[in-house]
Amino acid sequence: MKFIIAIIQPHRLEAVREALQAIQINGMTVTEVRGYGRQGGHKEIYRGAEYAISFVPKLKLEIAVAENRVEEVVTTISSAARTGHVGDGKIFLLDLENVMRVRTGEADEAAL
Amino acid sequence: MIEGADNAWLMMSSALVLLMTLPALGFFYAGLVQAKNVLSVFAQCVAMAGVASLIWFVAGYSLAFGGTAPFIGDLHELFLSALTRGAVHPGTHVSETAFIMFQMTFAVITPALIIGAYVERIRFAAVLMFSVLWLLIVYVPVVHWVWGGGWLETRGVLDFAGGLVVHVTAGVSALVVAWQLGPRRGFPEHVQPPHAPWMVVAGAAMLWVGWFGFNAGSALSSGGDAAMAMLATHLAAATATLVWIVIEWVKFGKPSLIGAVTGTIAGLATITPASGYVGPEGAVLLGLFGGSVCYVAVLVVKRGLKIDDSLDVLGVHGVGGALGTLLLPFAAVMGAGGLPSALHGGVDAQFLIQLLGVGIVSIWSAAASYGIVKLTDAVVGLRVSRDDEIQGLDFASHGESAYHGA
Amino acid sequence: MIEGADNAWLMMSSALVLLMTLPALGFFYAGLVQAKNVLSVFAQCVAMAGVASLIWFVAGYSLAFGGTAPFIGDLHELFLSALTRGAVHPGTHVSETAFIMFQMTFAVITPALIIGAYVERIRFAAVLMFSVLWLLIVYVPVVHWVWGGGWLETRGVLDFAGGLVVHVTAGVSALVVAWQLGPRRGFPEHVQPPHAPWMVVAGAAMLWVGWFGFNAGSALSSGGDAAMAMLATHLAAATATLVWIVIEWVKFGKPSLIGAVTGTIAGLATITPASGYVGPEGAVLLGLFGGSVCYVAVLVVKRGLKIDDSLDVLGVHGVGGALGTLLLPFAAVMGAGGLPSALHGGVDAQFLIQLLGVGIVSIWSAAASYGIVKLTDAVVGLRVSRDDEIQGLDFASHGESAYHGA
Amino acid sequence: MIEGADNAWLMMSSALVLLMTLPALGFFYAGLVQAKNVLSVFAQCVAMAGVASLIWFVAGYSLAFGGTAPFIGDLHELFLSALTRGAVHPGTHVSETAFIMFQMTFAVITPALIIGAYVERIRFAAVLMFSVLWLLIVYVPVVHWVWGGGWLETRGVLDFAGGLVVHVTAGVSALVVAWQLGPRRGFPEHVQPPHAPWMVVAGAAMLWVGWFGFNAGSALSSGGDAAMAMLATHLAAATATLVWIVIEWVKFGKPSLIGAVTGTIAGLATITPASGYVGPEGAVLLGLFGGSVCYVAVLVVKRGLKIDDSLDVLGVHGVGGALGTLLLPFAAVMGAGGLPSALHGGVDAQFLIQLLGVGIVSIWSAAASYGIVKLTDAVVGLRVSRDDEIQGLDFASHGESAYHGA
Amino acid sequence: MKFIIAIIQPHRLEAVREALQAIQINGMTVTEVRGYGRQGGHKEIYRGAEYAISFVPKLKLEIAVAENRVEEVVTTISSAARTGHVGDGKIFLLDLENVMRVRTGEADEAAL
Amino acid sequence: MKFIIAIIQPHRLEAVREALQAIQINGMTVTEVRGYGRQGGHKEIYRGAEYAISFVPKLKLEIAVAENRVEEVVTTISSAARTGHVGDGKIFLLDLENVMRVRTGEADEAAL
């Protein structure tokens, strides 16, 4: 199994969720994060002076998937999240050794 | 004789002026600081309401309004222990009780304005000690000079609702405190943006409303003069708000909300000393000047003087109050609504008197505040430790945190 | 002659009505939008206070209340430059200054109500241009017709505190703006829930309190009539609140807080035109109708018309104001507290007059707003870009963000 | 005859007292609970405004102030259907309409105070049922006994603005409800800290301002007595705030903000019954006692009785109100500003009368509340399910959440 | 070493923390997240209309543990977090290559 | 590639960001978290009573880096984040199998 971590633009969440649902991926965990990257931050004005905000709001999705679905899921996320602008985000792929469903104690792919 | 209507209006105005400190100024200032210092700002406002009121009760009122000696009042009204329910405030139709109450709310907000200069790094004990001394040494004498029959009043200085007494004293003293205290970590490059602009605007909105009590209440009566003061106050605020919006729009392409409401406060501070002497046109003029001059002043203090008067007490309040005091004679002669008859010896003569007032009050505020700050530093220490500043005053000084995971 | 008590009450009422816009309406609307558009709502409210006040000062007041020509006032009071401190408003015992101030706060809140229709997608420049034109072309004439001695007043139309003048004009115009502007991205399926219901209720609570100034202040005196208007206002609000709670409880099994306070506002809008003519029983009746009819109206606009009047300005204010105007004659004859003597030619005759008022004001508001929107679109553009809408107006239009990591 | 000034002040005071419930008490209590129960607290406050007002309209006012039978009023004013606009409240110069309105805001806030005892675990239906019965069975009779010409008034019990009528009834009943309802999950070891102290202080600040209407409004006139009541109220609040700050500073090394404003409320509750009978010195005395005694009382209830009176309604309001009632005779004889002539038979005699009042009102409140709670439990059930409590009442009872991702 | 990521119901935090403390696991990092899974979301009412909230509040715990304690820790978490309802959450197990204590520079198990 | 997870004191963020920028590491994702560890929590006072707050605010940085830069990055973070007090935090090192830039679809080190 793999553990996918995707950083996306906040307003793409619904699109990604729907795209994943369409391919029967029905579980994920979302965190509000702040990203720093090429996109750079922005300037805010405060009483006539400008100051820099280095970090921009992003969402982080964490999705555990079975080995055989990894590619499909990554493609789905990236096409639903893409707007073509700098700052669209990244998808990280980590190895997932095991997973367990708390409620039932099921493990491995049965727990996803 | 007590006129019920005048008294009702003065009581209402007192409620409005207390609202300006609690919660309005609290919101305004707390929204501008970082999330880890929110509660400390509120705590300073609340403590100020407590401390200033008791000082006023014990001796402040007596020293400010007892007798008409040139420099300081007398001690006949210590502890207000001779105050009767039926007493009328001389020269008015309001009860002495209502007048004391009204003035007490001014004694609360004036030192509270200075909070903006020292947020995010001062010791709570220093706030209390500084404020007590400042009330007795700076505020109370100036009240006496200008409103209590003292020497500036005798000279003919005009200050309807506290341009000098409130805004110049607070603004100038704020600069001195900020200078002595030193800047916040990271000033000026890495200052953090206001953590909650919505809180700032909520505070500014309530300040705007409360200012009606401040200025129109200062008429000490509920007739056409009070209403004209209210109208003038509102128009100056509205104008200065738009001025600031326009400046930022032109300069940055986007008008910020915090800029707009800073303009509001600048307009309000500027109209304050003049609010009882001008008509609508004079008010709009003061709003135009208030908005634009304070805009420049804020930048000058931060970039020019490089002093971390963190929330711009001098740039907004001090400069606004002084400006309104100086422009008063010119604005008073505009339109049928002005009150040129209040001027002593015409526009130019009054201008010189006003200049004297601004000069004297500024010098006294600066010098006395300097001494008080030094003394406070020696006795309780001014500044929290570096660790406490990093951790934030909410926890370091009050053991609390403002937001527990929504 | 100026009566101090009436004047004091009118000044206090002015403070309360300004509180309704700043901060109450700001809170109410800002809590209903998404977190990325919070500050833009406040900025619109603040700018409205600035712009409408200056319009009122320059020409609005003169055009609304100068002379008694049937369709529009005159230009004698431009810039309020002839206003004296002692002037009494004709037919009352309040000073002209207080009356102007009071009415100015109405001129601020009425265009501010329309904000609810265009939040989260309008350009800031369009807000300003639309509001300026709307005040001069819609609001000021209607004020003149209904309150300034114009033709509807001559016909006998009754509108105590602005059911027609404020709520119908704003509600109908809101629909036109929302229709022309188009819906927010995702409307209606993916509309996001209000980002801060606590802010909504804080705003609603202050609106409730402020409304006492709005309605009871409209008595322009401080006697039993004003207090009856206050009592009626309160009872209608209380009743409509409970109506909405009951409807949602029955329908969904849970009464929502936003629903409850929406009922409050519906009740307040409904009682507004009638508040000076009814007693407690009439008020409760209006609360019952206001709560239930507006509930249905909100759903009809959203689901039936499919127009994204985002915060339900028509459904709550427009419908409430019209309903109260129409039910006024019936409610006025209930109980000893009503004022049947105010009706022209009895209940039925007055009802027809009221119907005429609602019809004319609605048509004028709709037609003129349509033209103003088209013009605004042509000159400055109505809507922000799709990217800006996605990013949120706080940053896109004002360069700020509401919440900096608690 | 109606005096415009008295009436204006009473109307203004009504607005201030409504502000105390909406939004002040809402903020104060909502800030103290967890983030998942914020809206339920506001919903309870809003619903209380609706329910109590209608009860007052239907029968409450008539039963409280109709006639002077010893135990309960009559039914002549049901539905206020005989109320005329010109009616004067007997023995005053305010209109009956204004008096009803003023008292209605008291009928709203008193049951709303009890909310603090049952937050985070009560069923919404139980809140409504309990409050309706409590108003009719506890509040209305006590109002009649103490203010409506009933038997305690005849005996000479003094309660200027509701120490007994409001704070003792609410405080004692709160304890009974909390006891019957049982503690929140995790009490007392794992109680969560207040989720938003800034909200608590915002509420406390507005309570302080609103309390001027509560106490000074209770003078039912706008002269020197009202202003003295305002002054006394303010000084007691200021003093008790400082007392609490000092206690915590000494005990924990850090004064907390929530502690400071709890002191404020304690001082305000304590001065309430005495506010019309004392001068500044008496007020400061009451503030000293109020702050320190309530501090101890809060700890005693939580640790001693181990009852989860969650937001300390008994410790702060009940104890404060009783304390002020009992100390009234002693404070009234201090300084020129007190009103010793109001005492029946001197300090000691009056003290005994006051003791009787506190005793009777406490017993009645406790006994009747016990019955009402039992009945409410039987009919609609008191407590939400464990799951709902864990999930939070905002969603469980109202289908909403307070914060949608900033 | 392993890096355990547990998604739990927010109100189980105290129970889990205490259970872990009992077996001398004294370090973890907690994040507020929103979860999407079988549990589904809920409906909220807004002015007479219902709308769907797809995500429910959850907490994410991250706990680094030595190899030999993994099983014990997973069992402890899952039994303390279990309520038996859908939505109880998941436990993910990832391989942890190294860990370092910032204060001291210690690495590996000594740094836990 | 490696996936670095660093838990740091909130006030060290700017220092760490600048230090990383200085060595041309220009991407990271930041999350507000609450930490539990040796540092212990603190006491808050509420109406005259003290209660314990077990968790302290921390920031979590996630940074994906190429294999050959791992050591340099870890050292940079740890020296910029260090204050010498308990609670300075931890750095965790996980293996990163793959990464993709959403905007362009680039993968592996090119995507960093």
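Labels for the chains are A, B, C, D, E and F, by order of writing; each one numbers its residues from 1.
One rule holds for everything that comes next: a contact is a pair of C-beta atoms (placed from the backbone, for glycine too) under 8 Å apart; a residue touches a chain by one contact, two chains touch by 3 or more.
None of the values given here were measured: they were computed from a predicted structure.
K.L.:
Within the chain touch network, how many edges lie on the shortest path between subunit E and subunit F?
P.N.:
1
K.L.:
So which has more C-beta pairs touching, A-B or D-E?
P.N.:
Ranking D-E and A-B by C-beta contacts puts A-B first.
K.L.:
Same residues or different residues where subunit A meets subunit E? The copies count as same if more than half of the interface numbers are shared.
P.N.:
different
K.L.:
For subunit D and subunit F, let me know how many angstrom lie between their CA-based centres, rounded off.
P.N.:
For subunit D versus subunit F, the centre distance works out to 50 Å.
K.L.:
So what's the Cα centroid distance for subunit A and subunit F, whole Å?
P.N.:
Centre separation, subunit A to subunit F: 18 Å.
K.L.:
I'd like the Å distance between the centres of subunit A and subunit D, where a centre is the mean of that chain's Cα atoms.
P.N.:
51
K.L.:
Which residue numbers or ranges of subunit E touch two or more of the other chains?
P.N.:
Expected reply: 31-32, 34, 44-45, 53, 94-95.
K.L.:
If a residue has to touch 2 or more other chains to count, which residues of subunit C qualify?
P.N.:
3-5, 8, 12, 193-194, 252, 254, 256, 258, 399-403, 405-406
K.L.:
Could you please write down every pair of chains that are in touch?
P.N.:
A-B, A-C, A-E, A-F, B-C, B-D, B-F, C-D, C-E, D-E, D-F, E-F
K.L.:
Which of the residues in subunit B end up touching subunit A in this complex?
P.N.:
191, 193-194, 247-248, 251-252, 254, 256, 258-259, 262, 295, 298-299, 302-303, 312
K.L.:
In the complex formed with subunit D, which residues of subunit F make contact?
P.N.:
Subunit F residues touching subunit D: 44-51, 53.
K.L.:
Going by the contact rule set out above, which residues of subunit D touch subunit C in the complex?
P.N.:
2-5, 7-8, 10-12, 14-15, 18-19, 22-23, 26-27, 30, 38-40, 42-43, 46-47, 49-51, 53-54, 57, 79-87, 94-98, 100-101, 104, 124, 199, 397-406
K.L.:
Give every residue of subunit E touching subunit F within the complex, in rising order.
P.N.:
Within the complex, subunit E contacts subunit F at residues 3, 17, 26-31, 62, 64, 94-103, 105, 111.
K.L.:
Along subunit B, where are the residues that touch subunit F in the complex?
P.N.:
Going through subunit B, the ones touching subunit F are 190, 390-391, 395, 399-401, 405.
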